[in-house]
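Taking it in order: structure first as structure tokens, then the write-up.
Naming follows writing order (A, B, C and D), and every chain is counted from residue 1.
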Amino acid sequence: MTVKVGILGASGYTGGELVRILSRHEGVEITHITSQRFAGQTMGAIFPHLQGVLDLTCQPMDVDRAAEVCELVFCALPHVTSMEVVPALLEKGLKVVDLSADFRLRDADIYAEWYGKAHLAPGLLSKAAYGLPELNRASIKVARLVANPGCYPTSVQLALAPLLAAGLIETDGMVVDSKSGASGAGRAPAQGTLYTEVSDGFKSYKMTGHRHTPEIEQELARIAGEDLTIRFTPHLLPQIRGIFSTCYVRPKEMLSLDEWRKVYDDFYASEPFVQLALEGASPATGNVRGSNRCDLGVFPDPRSGWLTVLSVIDNLVKGASGQAVQNMNLMCGFEETLGLSQAPLFP
Amino acid sequence: MTVKVGILGASGYTGGELVRILSRHEGVEITHITSQRFAGQTMGAIFPHLQGVLDLTCQPMDVDRAAEVCELVFCALPHVTSMEVVPALLEKGLKVVDLSADFRLRDADIYAEWYGKAHLAPGLLSKAAYGLPELNRASIKVARLVANPGCYPTSVQLALAPLLAAGLIETDGMVVDSKSGASGAGRAPAQGTLYTEVSDGFKSYKMTGHRHTPEIEQELARIAGEDLTIRFTPHLLPQIRGIFSTCYVRPKEMLSLDEWRKVYDDFYASEPFVQLALEGASPATGNVRGSNRCDLGVFPDPRSGWLTVLSVIDNLVKGASGQAVQNMNLMCGFEETLGLSQAPLFP
Amino acid sequence: MTVKVGILGASGYTGGELVRILSRHEGVEITHITSQRFAGQTMGAIFPHLQGVLDLTCQPMDVDRAAEVCELVFCALPHVTSMEVVPALLEKGLKVVDLSADFRLRDADIYAEWYGKAHLAPGLLSKAAYGLPELNRASIKVARLVANPGCYPTSVQLALAPLLAAGLIETDGMVVDSKSGASGAGRAPAQGTLYTEVSDGFKSYKMTGHRHTPEIEQELARIAGEDLTIRFTPHLLPQIRGIFSTCYVRPKEMLSLDEWRKVYDDFYASEPFVQLALEGASPATGNVRGSNRCDLGVFPDPRSGWLTVLSVIDNLVKGASGQAVQNMNLMCGFEETLGLSQAPLFP
Amino acid sequence: MTVKVGILGASGYTGGELVRILSRHEGVEITHITSQRFAGQTMGAIFPHLQGVLDLTCQPMDVDRAAEVCELVFCALPHVTSMEVVPALLEKGLKVVDLSADFRLRDADIYAEWYGKAHLAPGLLSKAAYGLPELNRASIKVARLVANPGCYPTSVQLALAPLLAAGLIETDGMVVDSKSGASGAGRAPAQGTLYTEVSDGFKSYKMTGHRHTPEIEQELARIAGEDLTIRFTPHLLPQIRGIFSTCYVRPKEMLSLDEWRKVYDDFYASEPFVQLALEGASPATGNVRGSNRCDLGVFPDPRSGWLTVLSVIDNLVKGASGQAVQNMNLMCGFEETLGLSQAPLFP
């Protein structure tokens, strides 16, 4: 028996990635895809790599239609747009995995401050499960609405959770220096993400405040059990996929390399998608390309007193669509790894 | 019941790609991997993207050991080295898919001329099946030794077979302008394939004669039923994977676009891995990345009298390891697409 | 004494490149730059690499203003837009180097056919000099309007002129397989030129007819002294700058490699910007990056009867702004290489 | 009158870059180039982009010969090799700009600790001028041996000098997260710098101690007037040129953005090669490509208490060969910018 799923916003990169993964998932049937801009076009016309992979045509958004043919929908819509449809979808009895930022923050005021718009469904904020399975599996399993985490927040939480949960580091003064591939900016044409502007170059952006900052702080605080503030700096990498976060934290006590590695090995011992890179090696974005994996590294530096934690994910998979499928697996009672066992593509 | 397979030469890119594909293949168990240079190391140490994917350690080459634990082996060894071990492997009763060039040419003299070395097992040349399933399925099914085609030859044969088989084009004067990603050059360090030398640049190479020329000519001649000579020019692309072949041929009679497209649609109607790109669109290497697919395009130009055929594959998949698994599936009685249904990775 | 020059359309890539070159040119002063879209902004705001290089602010287009402060203007405007202003600029007594396609074709009907619009100043077509100095120096020196050649046409003409001028090849059946970096598509945002769409991929485009085709044919015919038709196929490279043209032609008589090389060495003996790559080496786009150079290679293939000529330029320099400055040097009586002696940037 | 200069180690990337710059420098004549590996070959054969730029042949290393034909030499030799020849060159009366690390550290013990070899000429360490002109101009002008700074140290010192010199920040707890293009690894073939390994990926390296750490600390300490320890983390970017350093420091008092910008504007007011990027914009490596420029950005974050300083250079120009020429200009009494005014190449 298969679950009927829909993808709202199938013409963006996360939508295409959902099709790539779900079209090979044994437990589901994709019954419905939508796109405002490309309504009436087939997936193969929108994304030639999906020609022959999924023979469906994009529909305009229509909650009633979605409710008719789906049991669960993935909302791969832009921020703000998502909260316009999610309440109706839930009312129709659908389960929802929302890939936008609209249901990630618990506090509607903080949402309004960072996204510049009052929240349309503040009552749902406390009901949405925050969809990072490694830290939040129980609540996801029973949720009807899952807020799929941001790409940067996923990489940072998986990096720091073992330390914060065990109270091993100071919670103030943390520095997170993150680098993202260009696919994080989506498929909408913009001068700043042209090939000519991104290739063979590197820069920072949103130095005065990236919207993932409050999400990271909210969730790290939840893990730590206390409020905290981080310095989060995103950069744009000349590469397609991949997020690399270099996290600098202050240990309460400087342990040995072996001890730090044991903290991580123990914390993630039973996790299928998270592992430490081999000792001495840096995680690398190329090693997780196309997979739902998160590779970590931990490097103590007694000279300076800093502990550095490295974290890599594929922003479109573990940072978006792969994690969304992982959440769906939990919500629908499938094995958590179903459809997600593809090995990384390298080189 | 699973087939026990080995990979000889597992530390090169085609070896790593075989592990990526076979580790998720339901019909096989990888029981044996070898590497001269990295003997004693795990796959995860050699290829970090395979950490946690396959927990085996590379062995030195040992035919007896391979025969003990395998039923079929993939030889991902360098040219010349391969023919040193294949005869012994066959004698031990193993089935062999050889990814080198050593058993592709039918004529030992031509081999010697282009590879600079007398063939060590000329008697096997007529017994090896040429492993392009779309053109040669019957002989592969019953073969004990399959010579896996070269990457360029795969892209060119799939492009031109429908035309040559039907006798629709002149067999002289054909021009094949091919472009390959850098992974075709392998993982051995060389100045010419450093990032700094390849990135943001483009050049031709082996202008006076690439070794794939006789292979292409041999197989196109077999399809056409007559000898022929082509002008084959390879170029090095600043990209990791992918081959793009632009083929210029002279139609005996210039048909309409619809007629040309019908030739291809009919020829490949039942093929799971070959398709025409949508009308008007160019095939693109990015659309087949990581998959076993070949996308084609056909463009008549009545102004000049030329017919242009475009062909793209992932050189490491349909151009090497994916095709090798496709051949194994045929040799072992599996469904031909088993383990190869992964959708392309884009962007 | 310096010549006062203006750049109309300074906010595109060719405009920025003109500023890069002219700001270091001893014979000129940039007195005027325009941009419709970025009027009121400084060059440093539009192009941060020019911050501190040129302290001028973009003006809206105004022919009277241009005539007041300039003696010569470069029109780096889009096709069709250019012919709207060039006649007025000439009437005001300005010299004009036009980088658009508007004055390259001699025949207004062919222009209308390929550019979809009737020509607004057909009377100027016969008066404009075609600005490829190596083939047309005398007429450029005395011209008041120079039509700066297209990037592809520049690479192809320099490749084939020595052969056609000497009548050494057949004029029918020529195949030109060209590859261009993404900067050729300009700075206007478009899905097809996003980093994510171009990087690590390769495709053809405009397979049914690129607008540079009639320009190439017109000029090759002029050199050959007879009408001719070519098969021209452009492709999009995952690189920023550079055009690589692989030209396949039929020699009337197959000469030796040395003889072919002598044809080129003699033809370009006194040219400062054109040279043969060393024997055996392929020209490479990376070797001319940022320079006004054209590197060529010639490779006879007696097996197939084809002669292959390779040609590389930087599309923004010798294929656009560098060549425009070379033309200006000729029109103003400067040394032809003035401001253009910068060595290529590699790696 | 021109100065006769030699380049020892001309076949590496910094050697090629010296030729690119010096071949267009009005004050010098290149009279001598050496290469162990490529002795007997022309620059055009070693670096095709220099074909026609410099017609000299590489010689084997020979101090006597160098002394005969040069007044000043650039040592672009590997670490350790350089200190074997520099003493003899100085004895012969030559001026020397040494691009290796051999004369950058003041303390021979620290050199031995980080470079694994006892210093061969410890007496010269105190006599070498540290060649960062913006901070050390006076001593460079009178030096006979200049130790050209490392690429990372250049970017970091220019970023932090205005703050440390004025005592505006805490000297402990500084974090420097740096990213470098692949050209920093040189032209020697290695698996880790193959195109296939670097492209479309990102990783850290030398997490447990990069050799530039003591150089950065030594020079920052000199500026600050007190010892200090930093956390320095280098990463490898999928790009050819460029270093980007993100520096996190603790202000003693958090000033306003305008105040921080004024600190930098004032400090570098008369410097031709250093500037702040426009307000709100991130510096970007693409904006300094091929030029001797350093672009900076300063971003206070009162939320977290951190001040972030961004710094970009072209590692082969301001981070190596361009700075070497700047030093030579000072040593020889030329205008400091001579031969270095080339504008950056973008896109």
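In this section, a contact is a pair of C-beta atoms (placed from the backbone, for glycine too) under 8 Å apart; a residue touches a chain by one contact, two chains touch by 3 or more.
Keep in mind the model is a prediction, meaning the values are calculated, not measured.
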Per Cα centroids, the chain farthest from chain C
A
Test of understanding: which option in A-D, A-C or C-D shares over half of the contact pairs of A-B, residue numbers taken as the match?
C-D
Whole-Å gap separating chain B and chain C, where each centre is the average of the chain's CA atoms:
39
If you average the Cα atoms of chain C and of chain D to get two centres, how far apart are those centres in Å?
36
Quick one: report the Å distance separating chain B from chain D, using the average Cα coordinate of each chain.
45
At which residue positions does chain D touch at least two other chains?
13, 183, 196-197, 199-200, 238-241, 284, 286-287, 289, 347
How about chain C: which of its residues touch chain B in the complex?
173, 175, 177, 179, 181, 196-197, 199-205, 207-208, 229-231, 233, 235, 237-242, 244, 246, 248, 280, 282-287, 289, 297, 299, 301, 303-306, 308, 310, 312, 347
If you look only at chain B, which of its residues touch chain D in the complex?
13, 182-183, 187-191, 193-200, 238-240
Chain B touches which residues of chain A in the complex?
13, 16, 19-20, 23-24, 44-45, 47-53, 183, 199-200, 240-241, 275, 277-278, 281, 284, 286-291, 293, 295, 341-347
